[in-house]
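In the part that follows, the structures are each spelled out as structure tokens.
Presented sequentially are two complexes of chain A, the first with chain B as partner and the second with chain C.
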Partner chain A sequence: MRTSFIAKYPSVLVFLLALASFTIIVTILSEGFGIGVISTSFIKTLGKTLCLCLIAVAMDLVWGFAGILSLGHFAFFGLGGYMIGMWLMYERTRLIVTEALMQGQIPPTGSEVIDSIGSQIFGVVGSNEFPLIWTFADSLGLQLLLVVLVPGILALVFGWLAFRSRVTGVYLSILTQAMTLALALYLFQNDSGLRGNNGLSGLQNLPGVEAPQSIVSMWFFLASAMALGLGYSLAAWIVSGKFGSVLRGIRDNETRVRFLGYSVEGFKLAIFTLTACIAAIAGALYYPQAGIINPAEIVPIASIYLAVWVAIGGRGRLYGAVIGAGFVSLISTWFTGGKAPDIPLGFYTIKWVDWWLVLLGLSFVGVTLFAPKGIGGLFDLMKKRRARHEHTS
Partner chain B sequence: MSTLLEVSGVSVSFDGFKAINNLSFQIADSELRAVIGPNGAGKTTFMDIVTGKTRPDEGRVIWGERSVSLLRMNEAQIAREGIGRKFQKPTVFEDQTVRENFLMALKKDRGVLSVLLFRPSKADHEQVDALAEEVGLLAELDRLAGELSHGQKQWLEIGMLLAQEPRLLLVDEPAAGMTPEEREHTSELLVQAAKTRAVVVVEHDMEFVRRLGCKVTVLHEGAVLAEGSLDHVTSNSDVIDVYLGR
Partner chain C sequence: MGSRLFLGGLITMLRTLFACLALMCWCQTGLAQELTVQEILQQNKKLVEKSSRKTIGPVIAQIAASNLSQAQVFLEAWGSKQVWQRRSDGLFFFGTEVAKRQYELTDPDSGEAVGEFTKKQLKQLKPNSGVRALIATALVQFQLFDPDPAKRAEALQTMERVPTAMHLAPLRLSIDNEQDADLKARKSRLERLLTISFDPDTATRVAAIQSFEGGLGVDVRATLNPLVVTSMNITSGDLPTDENIARVIKPGSEYLSMPAAYDLLVAGKLAPPATSAEDIRAALVAHIDGGQVAKISVAQLSDPEIRRQAYDRLAEQSLVPAFIGEEDIAKKLLGYRFYETFAETSVAVTDAAQAALSKIDLNVGMNQTLDLTLDAISLASIYFLAAIGLAITFGVMGVINMAHGEFIMMGAYTGYVVQQVIPNHTVSILVALPLAFAVTFAAGVVMERLVIRYLYNRPLETLLATFGISIALQQLAKNIFGTQARPLTAPGWLDGAWVMNDVVSISYIRIAIFILALIFLCVFLFIMKRTRLGLETRTVTQNPRMAASMGINPERVNMLTFGLGSGIAGVAGVAIGLFAKVTSEMGNDYIVQSFMTVVVGGVGNIWGALAGATMIGFLQKGIEWGYPSNTLAAQTYMIIFIIIFIQFKPRGIIALKGRAAGD
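Entry: the complex of A and B
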């Protein structure tokens, strides 16, 4: 029986159709391109959610399929955001600064412009010089390359060290968490070169683009949808063949895979690095929609949330990750956005902004205990029931 | 017949306990050999050493015509050299279909990139069918391995070993937990396999060993106690002492 990958993973087609319909409906309802039912800020929320779905797909590849519970993928996501943020901030400041200097009698010299940009960007951290890591910030092409290269190389080096010494399970999770924490702490410092806890801001403004936010937000929304579609298809293609078999083999019995002659370390490193790059691309699309990135985004808890989304959605089934991330992050925006009505109990008022986390924690515990396959597991039940139905009738 | 594997003067101890004690062992190309011995004799540990899972404290493990040392290789490299192993407890990938299990085991380039780009050809599927037929799992190809019976899992694992096309097969207690009919099928499989490659079988069941009809090595306290035909070793007084207790 030879099956093409679409036939083996019909969920890909279903998913792409669903994503396309969703995108079209949102576009029609949007302010920028349609009849204006959905506000621009909600378009941004939806676009950001699509990016979170994409990193969840990456997390599912590395955790759900290969069994590596990485608590560091949000660090790669954040780094991707920083890399694109550097260009956005540099270029926009340059345009503003040049225009301001042009008002003067004498046209500004190149070094005057650079100095002025430097003090604009780094004034908040008491500096006006460009750190070395901003060397390529004036080139969109190079910064885009760095979006993938910086997190990719970090993942490659970290993964090589960790997998080579056969660190697995909880120890590996702790190690990835330590890496994330170290990176966040480093970025919090004012002399890290990335503006310490101020982070990079104003990222929603595309330099040199006159279009209003209602239009720009639609561009990013559509780009995020496209990235999710591509990322999902790539992930499904990867796991549909022997590579997927080996990954699941590593998850279930690493030793056995080794005795089959596969170098387990190489496969882990490959999937870890690849998913880090996917996470970075998701981050590079996310932060221009969020408008700001700072080190608080990278702290380990973010990566733990990511694991929770994937677990709630259902591991090892790709669409589960999308459902989990989409569902939980949208609900979380609702609860923490102050839109959920508080519940007065007389002696105490339940404020969802505070209690949402408790609810999330409880659902996570609930899912782990009673539905280890997550929401995606419901599809299995439905399929089984239908099969049984066909059997009996 | 030339020597395929030569283990000489190997010792290994766990926390001061000598599990393997100056063990020497040889096997030739396409030889079938049974290894017997009481519980804790070191049979599994011996396989661990040959397959790179356990590093011996001393001794040499020499492989093939080029006489390379296996002690310098890791598990995956040793497997690629052509040594296949079946574990005492059946270990197949339960979450995957029987076909996927076979495809993973087929002798192909194991590199990350070639695995990523690999798509089974018609010939590959035919080979899987032939293997499945041989171990009696043709009808089960699209079932999950986890749904198979205990005996079927053992066969799947043997089939996967054959798919690797190894030059040496190490089989740890293949008939454990099998019904008499299943045992018979298993012994036939192993005898058949040994026609084209070397096979080492660890087994407790004497009836099973007799059916293999091959040279027998008796291990005791990590060393070879006796070697020869089954009748020869079972009449050896040391062996009788060890098995019946003094």
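Entry: the complex of A and C
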């Protein structure tokens, strides 16, 4: 009696179709591959939004389905970005430095090149030595592996510690928030080895690639779309199976699931770590499009925003997370970008740059109070109405 | 013999100078009794005419030490440029201008008028600022006997600032006749300090050093430290026996690495400099000849081995100095011994100084621990203040209020606004405290009525909703007050610090915050244990239905309790604003710490919050002490520690037991 997960979770097909058509339309309209209606910077915004949708899917898995309100997933996102950023920065600096040294009268030795890369990258924090964590920065393959491994292992260790001692609910949220704060504060130090609050920059340039930004941004846009599609399918596959049922069981009544003989901690740890890895991949795709990463990106508030996107979109339904992240982050960009028209009231002019956060904050309150199911809840309403309609006819 | 390297060169030089001065004073007080000021000046005529800071010292010392009653008058006149030299015979006189370009001269010794002269016949002594400083220093000893105690205190202050050998003798003389007890104590303390530095007799110096054992004064350490300053010396033979050797150092030990030792040899011109990779590169670049260096093509030179080969070939042709690498350095170092000598030559004195310093260090360390403890207590009381409101809303009611930090911010801004209206700081703070309570109490009640009461059974959603309120309030504050930090000034009587000694001090404002935290604790305990509201709160928390059936209105109690917690956060905000800047984001700094405090201490218990705050305060100060100048690292490690701590005590330090524990 096994049915395919798509049959159990038909929205996957709809979603993939929508994503594919969106991607194709954007590609056609883009500067890089198409007729040039959409500017490169907006392509980047769209690509970044897709990455945010991916991490929102991860958040929905861990919160909406397993009931773990993690306020640390943006830390994993940022770590993924740092890992890929290390390679991008190292390789690009290496190319530049080697070229410069080749201009000298005698060719440079290996250690001269490394020293010079070191002083280029770490000069800004008053050092010129490579810290230990940059050991693998010269290898794209290893660094890509680290994108998943570092946040994964952090999530594994943290999750093991937290779940093992039965920290649940709000306490877990505060604990994850503390972890995020600790990581952000650590990275803010100059001797953390990741350039302190300068962060890693120049990530939009792919080393050794001559193509203009309009093309590169399209590559990343397509890669982000593909990652989102894959991530969404994976999440749908997980929640449609037995694993997903157990997760929902844990969310609704953890004690009962434990009494039924399931290893609640194991399930929680698995989903926590998996979503951390997804978040890291999303981050590794996001930051090359953003061009810069610094510790300010992973302060706890970012993770809280993530929870809010998911809440606004609708928890416990994967498309809700995508809608929430896409909708809120795009509208945020619009309001804070100064493009929204100001509202003159005569005695006072409402500038959206100033008032957007007030509106956003109050809308959280509104959503939690009046629409606990979020925007996704609207689909339920439509379904119900149609069902009633069919019933009456 | 080895060559000397003066690491502590400056100090040594100064000390030698002072020693010479002291010696001169000593001899000349005996010999120069009969000489008048004029005679002394004539003996040193050349030095006086072209006076400079470097050469004039002995002359001033001689005049000052002459025991002549005119010495002080003359030095004062010299310092204020009133001394003139008669061109005809080169004698020196005091000059006062009686008419334009017309001066009346008086003899410096007898004080008799010599006659009037025109400016052309005279030459004014114009001591430069360096010389004037020396004169002033010499004059200080006369001020020690001044009848005015303020003048004497001033002289002591000058001597404490710049201790010199010539002050020792007059200072000793002045102690016995000193009437003022305070000044007498200061004089005798200074006398012992000067004895340590300048007395020629070793036993006296050692006794003076021992009299300071365990003293915490900065001046004692400043006097003793130069005695144990060492300089590094190198010898190729045996160690000298006539020098006060501190220790022998082996190159390659933790005190002196091989390269550093070799650099010392190089600096002493005992060895040629080592060849660095940079030197090789420079040499190779200098000898490029048609795309080749020593017949090796330039393209191959990216390999360090080949670079070395090329360099060696150049060295064979004597174009560059021979390569000196690690092995050569090690071999060369075998022929030398490195040892440190004290600038102070007396072994007894350096031994006594070291012993005294180690005792002082121990004492200072103990006092620093005390200081650190005080700091930790004050930090703990800040955390406690920030967390106590949360201990009510989160700990007792179980409501997770992410806007707690914004209530703190709101209280601080209330204080700021009150200070804009009432300029008197004392009155404004007294007004601000209850007003902040009222404002945040009202805000808390409104928030509870409008939002939180609908979410009592959904803690995660409470978190999100209150977080929404938090960012809305933050942005609102930014819109109203701007992003600039606003000052909340403490009243004048809270300025300054309570200084126990040179090591331990604590500012009054921190003491005030500690007292405020204590008051809060008492008020909280009183409300919870002794009032109707406290009783009702506890019943509603334990069992709302039962409470309702007993005639308690749970809604009203919840509202008031939440308002109380918020109000306390507002008062804490005023206190925190007194030492931290008031910004719209100040709540962020405290929210995570406050939750940590409550969780670590144990939810649902005020003693838990107290224990949590104490632990976090001490922990943070302890880590900051271990990682000075890096508070970020301290915070990081503290949070990691807390995460691990919760593993072992998931319910906090003080866990509720039995039925009170709930769930």
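Everything that follows uses one rule, which is that the second predicted complex is superposed on the first by the 390 of 393 C-alpha atoms of A that agree within 3 Å, B and C clash if a C-alpha of one lies under 4 Å from a C-alpha of the other, contacts with A are read in each partner's own complex, and residues count from 1 in each chain.
Operating definition for what follows: contacts are C-beta pairs under 8 Å (C-beta built on N, C-alpha and C of every residue); 3 or more make two chains touch, one makes a residue touch a chain.
All figures in this text were calculated on a predicted structure; none of them were measured in a lab.
Enquirer: On the A-aligned overlay, A:G266 touches which partner chain: chain B = first, chain C = second, or both, or neither?
Expert: It touches chain B, and chain C stays clear.
Enquirer: Where does A:F188 make contact in the superposed view: on chain B (first), on chain C (second), on both, or on neither?
Expert: A:F188 sits against chain C, while chain B stays out of touch.
Enquirer: Just chain B (first), just chain C (second), both, or neither: which does A:S21 touch?
Expert: Neither chain B nor chain C is touched by A:S21.
Enquirer: Using the superposition on chain A described above, determine whether A:N253 touches chain B (first), chain C (second), both, or neither.
Expert: Only chain B; A:N253 stays clear of chain C.
Enquirer: With both complexes overlaid on chain A, does A:I174 touch chain B (first), chain C (second), both or neither?
Expert: second
Enquirer: Could you let me know whether more residues of chain A are touched by chain B or by chain C?
Expert: Larger number of chain A residues touched: C.
Enquirer: In the superposed arrangement, what residues of chain A touch both chain B and chain C?
Expert: Dual-contact residues (chain A): none.
Enquirer: In their complex, what parts of chain A are in touch with chain B?
Expert: Against chain B, the touching part of chain A is residues 1-2, 238, 241-243, 245-246, 248-249, 252-253, 255-256, 258-264, 266-267, 270.
Enquirer: Give the list of chain B residues in touch with chain A in this complex.
Expert: 51, 53, 74-76, 79-80, 84-85, 87, 91, 93-96, 99-100, 103-105, 110-112, 115-116, 118-120, 122, 125, 142, 160, 164
Enquirer: For a test of understanding, state which residues of chain C touch chain A in their complex under the given definition.
Expert: For chain C paired with chain A, touching residues are 277, 281, 284-285, 288, 293, 298-299, 301-304, 307, 400, 402, 451, 454-455, 459-461, 463-465, 467-476, 478-479, 588, 592, 595-596, 599, 630, 632-633, 635-636, 639-640, 642-644, 646-648, 650.
Enquirer: Which residues of chain A touch chain C in the complex?
Expert: For chain A paired with chain C, touching residues are 69, 104-112, 158, 161-162, 164-167, 169-171, 173-175, 177-179, 181-183, 185-186, 188-189, 191, 300-301, 304, 307-308, 311, 354-355, 357-358, 360-365, 368-369, 372.
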